[in-house]
Amino acid sequence: MSDEDMMDDEAGGGVVKKFLYVNRKAPYGTIYALESLEVVLIGAAFDQDVSLAFIDDGVYQLTKGQQTDGIGMKNFSPTYRALEMYDVEKLYVDQDSLTARGLNAEDLIVPVEVLNTTQMAELMETQDVVFSF
Amino acid sequence: MLLHTVNKSPFERHSLQSCLRFAQAGSSILLLEDGIYAAIQGTQFQPLLQEALNDKKVYALLPDLQARGLPSEKIIEGITLVDYGDFVDLVASHSATQAWL
Amino acid sequence: MKFGILVNEGPYTHQASDSAYQFTKAALEKGHEIFRVFFYHDGVNNGTRLSVPPQDDRHITNRWSALAKEHQLDLVVCVAAAQRRGLLDANEAKRNGKDADNIADGFRISGLGQLIEAGIQADRLVVFGD
Amino acid sequence: MSDEDMMDDEAGGGVVKKFLYVNRKAPYGTIYALESLEVVLIGAAFDQDVSLAFIDDGVYQLTKGQQTDGIGMKNFSPTYRALEMYDVEKLYVDQDSLTARGLNAEDLIVPVEVLNTTQMAELMETQDVVFSF
Amino acid sequence: MLLHTVNKSPFERHSLQSCLRFAQAGSSILLLEDGIYAAIQGTQFQPLLQEALNDKKVYALLPDLQARGLPSEKIIEGITLVDYGDFVDLVASHSATQAWL
Amino acid sequence: MKFGILVNEGPYTHQASDSAYQFTKAALEKGHEIFRVFFYHDGVNNGTRLSVPPQDDRHITNRWSALAKEHQLDLVVCVAAAQRRGLLDANEAKRNGKDADNIADGFRISGLGQLIEAGIQADRLVVFGD
């Protein structure tokens, strides 16, 4: 991250809002997953109440075993493991999205909380700010 | 309650279905850009929209409908047509906006 | 009410920037305040001054610049996304050893913190993307 | 169109190939429909055997009554009517795509030939070059 | 015969279904980029792919599978894994390529 | 065999340019000829020399430039699409009264006729897009 990314640290001035990052896109085919993660990392410095939701193809961002040498891109999936150090600990994954893709929580690179549709919908309803990319 | 926005054609992507799966009773859904194609009568999505209308408000952005040549009389009954000013009001009157990109 | 606007896509290719512009204009007309318009992903390309659209088409960048001038809008282009895609101001060009810059009037380059700040400070954040 | 667009006129040197332009995207939400049409117009100068296929949301490109003042864009649908002057006359529309959208040939701004799936598939198979945008 | 390419996730877009509707017996389909998610066993798309395999060849780009962490043993039987060089050969050996963007 | 390559999307945002690059490289390694790589829609943004990606990431534009230099590839950016999106060479900048240009080494700006010509002259045309 460049210097500028840090210069607004603490610009919130004590306000704590509920921020939800909604991840619905697969990695590598498009850049949204990677650039969303960059926002999460920068945003972590602002001490807001941050949650990440992985829905639809967004669950593919978290799969184990990504090896990107063949496509010449950087494998950014280990960064999800670093989120804990940034105190970003609320990672929620949609159960139906996992099931539809033949995946379960053990296939994912980080520990997550798996939510059913109602739980995820309720999580969304409590948010102050919803980021989608 | 949330305002959900859907800007994708339901024939091309699954955004609308995902939105409808998570949208709570009492929340609102705004169809805009290519999302407005979901508002037309007589497609496979009409039952989905009608079910949503039972406990949610559904809006469609009129300028986007007009651009795409969709006459107002082909819109599913119960869907409210709005302009950009109304869009602003909708954002203001809901607790937050969630874009289903 | 204070609005924050996030634009995720570049000009012309997707309608996102158009919808964001129409929304922003309508909000201003209703007397609302626009805390900031933040351009991310390909959205940074909205900030180029080198665009020459056909004469019978809208000029998306100039339209944003004019609205910013009229209403003192804060149009912020994400520095990391802009570097990837080749959108630079004079400082960034110099810092990165580039011989030209291409940012348009009324846009400024800054960090992602400006987006988070918009989320915190604005009463509502609205996202326009693909 | 600018001067450069014309400078390669007749670059084909007598070869006639079957060119198919596949249009599967709705207008205005993205620029693909408009910029595809720009290729067709330039390509018309090359005297190739040109066909246009409208499939899926591509059929929306041809709907009557488009009025774009409200979104501040140019209505380019009348250009499809000009294709005939460029000797681009083979416009094929997928029947199933029309039906799924509650449309029929009378809702379209230009006369087209409506094809069933098998006919469209056979048309595709005969092509030398398939452009998709 | 045509080589069809599909680079979109079948969970997100309808490109795969459209491709399969028009792909003729004897033609080939290459799944690449996010399109490779269609090649996995146990999803709703497996029956579609298996039907396609009856009279068409289906290929999936291995570098894209690896990038996305999909092990080869989870691929539907009958789908052939290829690299970029094989992709070139496939284009060369088919009459034309149609991209289902 | 002679291949024509069409790239419809810009760098980084979509994988299209990456896949096109890998395909082109593999085709050259197999001894095929690349008649032309044509950049259309947002694909024109692959031709900017102002891009500064993170140091641990690939440099998509430089990669194309290097491949073009090594194999005398013809990398053509569509003029109409480029004007809309602010990708200019020195001539285009002058012609349109712009004070800067941003095209990278090895790319040239020309008309859509160059794409049609690629369709005619190449044995196969392969499209990479969104």
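The chains carry the letters A, B, C, D, E and F, assigned in the order they are written, with residues numbered from 1 in each.
Assume a residue touches a chain if its C-beta (ideal position, glycine included) is under 8 Å from a C-beta of that chain, and two chains touch if they have at least 3 such contacts.
Quantities reported herein were computed from a predicted structural model and do not represent experimental measurements.
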Under the document's definition of touching, what chains do chain B and chain D have as common neighbours?
C, E
Among the chains here, which has the CA centroid at the largest distance from chain F's centroid?
B
Take the average of all CA coordinates in chain B, do the same for chain C, and state the distance between these two points in whole angstrom.
26
In whole angstrom, the CA-centroid distance of chain D from chain E equals 26
Just curious, how far off is chain E from chain B if you go by their C-alpha centres, in Å?
33
Where in chain D do residues touch two or more of the other chains?
28-31, 56, 71, 73, 129-130, 132-133
Name the residues of chain E that each touch 2 or more other chains.
7, 11-12, 14, 33-34, 63, 83, 96-97, 99, 101
Multi-partner residues of chain F (each touching 2 or more other chains):
8, 12-13, 15, 19, 22, 41, 57, 80, 83, 125, 127, 129-130
Where do chains touch, given as pairs?
A-B, A-C, A-E, A-F, B-C, B-D, B-E, C-D, C-F, D-E, D-F, E-F
Complex contacts: residues of chain B adjacent to chain A:
1-2, 14-15, 18, 21-24, 27, 95-101
Touch list for chain E against partner chain B, complex:
11-14
Given the complex with chain A, which residues does chain F contribute to the contact?
12-15, 18-19, 21-22, 56-58, 130
Taking the complex as given, what residues does chain C use to touch chain B?
1, 3, 8, 15-16, 19, 22-23, 25-27, 29-30, 32, 123-130
Parts of chain D lying in touch with chain C, wherever the complex brings them together:
28-31, 71-74
